[in-house]
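You will see two complexes here that share chain A, one where it goes with chain B and one where it goes with chain C.
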Partner chain A sequence: MAELAQGRISNIQLVLLLTGFLLGTSILILPGGDIHPDTWLAFLLGCGQGLILAFIYLALARRFPGQTFVKIAEAVWGRYIGKIVSLAFLWYVFHAGALTTTNFLDFIKVSILPSTPAMLLVLMLVGVCAAAVWSGLEVITRCSEVLVPLTILFTLFLALMLIPDFKAANLQPVLQTPLPELLKTSVRVATFPFGETVIFLMILPFLNKQNKSLSSVVIAFALTVFILITGMLRTLGVLGNVAPLYVYPLYQATRSIDLGHILTRLEILTSINFLTMGFIKASVQLFAFVVGLSQFLGLKSDRTLVVPAWLLMSLLGLYNLPGVAETIAFTHTVYPFYALPFEVFIPLATLVVAWLRKLPREGQQP
Partner chain B sequence: MVIVITVFVGMLVCLQLPSLLKLGSRRDLLTYLILMGLAYILMVLRTVGVHLPYVTSAIVRVFKAVLGRFI
Partner chain C sequence: MRRLLRTTLALTLVLTVSVFSSIGCWDKKELDKLAIVAGFGVDQVQTAEGDRLLLTAQIIKADQVISPEQAGGSGKQSFLTDQSYGRTVFEGVRNFTFESSRRLFFPHNRVLIIGESLARSGLHPIIDFFIRDPEPRPKQYVLVAKGKAADILSVKTGLEEIPALAIYELLQDYGATSKVYPVTLQDLTKDLASKTKTAVLPMIELVSTSKKKTIMLDGTAVFKSDRMVGELNINETRGLLWVLGKVHSGIIVFKLPPYRHDISMEILEANRQIRPELRNGKPHVTVVIDVEMIIGEITLTKNLTVPRENEKLERMASQGIKKEIRAALAKARQFNTDFFGFGEAFHSRRPKAWKTFGPNWDQIFPQLPVEIKVSTVIRRVGEATKFPILQ
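Then we have the complex of A and B:
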């Protein structure tokens, strides 16, 4: 059991892993749904709301050190209700992983390889993630140690390269968005991507210093919101009012880079950023699902489920939504409501019940 | 294409089956075979052109029916 989680992850590794996870798909599909001059404020508000959610997850993880959410749910809710809660959580993890896969697939189908069969693409994309999961959590975190700093570097480089096309007038008028609209966007940002941190309830038990996890989470959130705001501002500054019309505005903005006809076609860096961060996100989701389902079913080995989970997640990725427009519309409209029970109600209720029942009791194996 | 999928899934099973048998856990073996069987059936159905409903589209329909005013 738990062969996949051999080796502990340090706090700096948690920062990079969580940053990679949060940037995952949001580095290409800007969260919130709209791009307007006040979106940066919605990102900050959403990050703040996400931090409140993260406090709940961390409080739960600290109350039950070394336990994944599947075990915590069983300890708090009892055997039968605990199983139902775990199953709901595992469905969310699996479905979120499949949605990441769909985003991967849509982007590659639309922008890079339109004629390649979707099944082949999705099996190869998630296959890389499955290989990482098979090798264990330590390999995924080490990948994030290399890939996340590169992504930050590429993002800053692209922002610099876009300075000649940047029009500050496109960022005006400032603070004109009505407050309800701004709050609505911030809630969307809180659920996607920040609230998805709930999946780390399957990762946090493998931290070597649980008591320092809060600072790691705060740093990861700050890094993510910085990258997202940089991406949003540069996109809006370059594309202006037409930015919301594009499916992938960040990608479209970088297409306009042309420095002396030498530095051109730099959108490949945006593609690399998306593919690498998407790899981290999908790997974490696949890992969480495999470990969670193994514990749920009481299997002897975690590795048993890696290959079936790879195939099934790829297939659900194909059967999620019929097209890219529907996927993006789902992310911005229905997903905040759909994710609410899994990101807020279940962890919060579990924490409250654990507190009321004074769990874990002294002398009891947590 | 069905033959390619059969060979592919068969190859994956052949690679992992010895380690599962060595593990000696009937529950592991059964779970693995059931899930691989499900994946194989879904892959074959897609390949032969059987249209399966989109999972998230169904979720969207349910949410729009319940929370239509807010979405």
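Then we have the complex of A and C:
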């Protein structure tokens, strides 16, 4: 059972893994739609709302220590409804993974390798993730230990390099966005990326010390929001009013780095950031899907599912959205509503029912 | 069974890896298959089929650049100008393949030159390609050619091997006079997207003498929305640069009354502030400029001790600067183009008031009171403390 999850992860590893996961696609596609001078505030608000959601997930995980969401759902909702709930959850995990794949693919097709066939790109990209999942959770975690600090370093370095192009006037006027607009943006930020932490209901059981997980989550959220705000401020400071014009404003802003004609074309660092963080995110999603599905089906070995899951996720990633404009529109307009049941209703309802039924009962603990 | 599975898996892996390892070939860009564009020009021309864009690409001939002695000895040019027509820029770019054996490669393009007639009819139809396509860099310079861009790009320049790079260097060194305003593609995009700030582009012209043709930067093209509506001369351009805070260095020449001789002052450092204010509910702008100067050259015949006259010199220099700014301001009012970005200053610093009068900025701007405060400090006097001529 769960042979992929051999080797436990420590709390500091959880911080890095969760940070990498949250930065996954948001380091390239800034959450919350078009950026304006008040977006940083929406990020903070969204992070706060995300923390409230994270409390729900942690409460659920603590109530059922050592159990993944698939097991929890079965225990709380009973055999049949539980299966439906966990199936819905697994669909979400799978589809979220496919969306990450789509983002990968769009970015590489638009900016780096326009004429390379998408099918090969997507198989390669998800293939690396599948290899990581095949090697187990510990490998993914150790990758994040190397890659996340690197991403933080690159982000700060790029921000530093952009100082010559930075214009503080672009960040003004402050606090002029009407409140409903700000809240709308913050809800978007809460669902993507912060609410996606719900997928960690499949990871948390493999923690060393469950009771310390809260501080890890808070630190990871703070780190993420810090990186996002840094990226957002430097992008707006450099691009100003044209930032919404570009598909990838964060990437576009770094294209203007030109220090003495020597330090130029540093946008590759943004690509590296996205590829590494996207790798962590897609790996975690693939891992959660594989482990969840094997528990759902009651399989003896979950490794057998890695290859089929790799191919399926690649295919859905390839075909679920027709193009980059649709992907961005989906992320900003449809996704907040689409994710709501999975990120809020299902975990919250599960927690409430577990509380009402006083689960888990003594002696029922596995 | 297990062994079979393993063998199958291993085989699949080997096969897939061998397929994937050829992945780089689709987007390969071999140096000897590319035509590296250094300068690119767009003109509007009449052809038999109607209005067309004439695209001119100045392509680096890599083999000629590698060995300058050889190239110089054989007298060959190290660049090539190629032309093509199209209804849109992109179509034209692809039409290059009718005559050029190599694909145009834009990431190293340094200057984009737009013909004046095209600039006057509007930039929107052509600028999108350079923003949308991933190849052109945002930091390339954009210029308007007096006449046709194609002519500018076909002239060989003095010292530089590649004329487009020469133009690039000219713009880079604008600070020597601060009478040219270099505009990058990114700046232009921002200006075109701005609701109030209007775009300006430096102008370049072809100067023909009996002996040879050269290219020269001259003045600034002023845009209203995406259409060129007028020009600033070089002194008005520096007036614009004062307000934009882009003045690096340069010389101000004036006469110190009652004498009739010229004094040249060198600008050492300049700082500016734009203060958008509301006076009686009406917008009002104060431009504050602090300049540090050096006395560069005095062609005066009377002996003066410098400290006593410094104050007078400072006052005269300030007046010279004010004159330049006023000239630029007059043009801005004449064309009703807010190329100083006063509207944006109000938008970012007086957002509440901006909401009331922002939509009518077009009517407000020509009457906008602008106060100019210049203070000049003479920091050094060069190597002579006194005026040397009569010594």
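By definition in this document, the second predicted complex is superposed on the first by the 365 of 366 C-alpha atoms of A that agree within 3 Å, B and C clash if a C-alpha of one lies under 4 Å from a C-alpha of the other, contacts with A are read in each partner's own complex, and residues count from 1 in each chain.
Criterion: a contact is a pair of C-beta atoms (placed from the backbone, for glycine too) under 8 Å apart; a residue touches a chain by one contact, two chains touch by 3 or more.
From a predicted model like this one, the values you see are computed outputs, not experimental measurements.
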Which superposed partner A:Y338 touches (first chain B, second chain C, both, neither): first
Partner chain(s) touched by A:Q6 [first = chain B, second = chain C, both, neither]: neither
Touching partner for A:S215 - first (chain B), second (chain C), both, neither: neither
Partner chain(s) touched by A:L312 [first = chain B, second = chain C, both, neither]: first
First (chain B), second (chain C), both or neither touched by A:L297: first
First, second, both or neither for A:V110, with chain B first and chain C second: second
Chain B and chain C contact sites that coincide on chain A, given as residue numbers: 307
Contact footprint of chain B on chain A as seen in their complex: 95, 98-99, 102, 119, 297-301, 303-305, 307-309, 311-312, 315-316, 318-322, 326, 330, 333-334, 337-338
Complex interface listing, chain A residues touching chain C: 110-117, 120-121, 123-124, 127, 169-170, 172-173, 176, 239-242, 245, 252, 255-256, 258, 264, 307
Chain C residues within the chain A interface of the complex: 9, 16, 19-20, 23, 26-27, 131, 134, 137-139, 186, 189-190, 193-194, 344-345, 347-349, 351, 354
Parts of chain B lying in touch with chain A, wherever the complex brings them together: 9, 12, 16, 19-20, 23, 25, 27-28, 31-32, 35-36, 38-39, 42-43, 46-47, 52-57, 59-60, 63-64, 67, 70-71
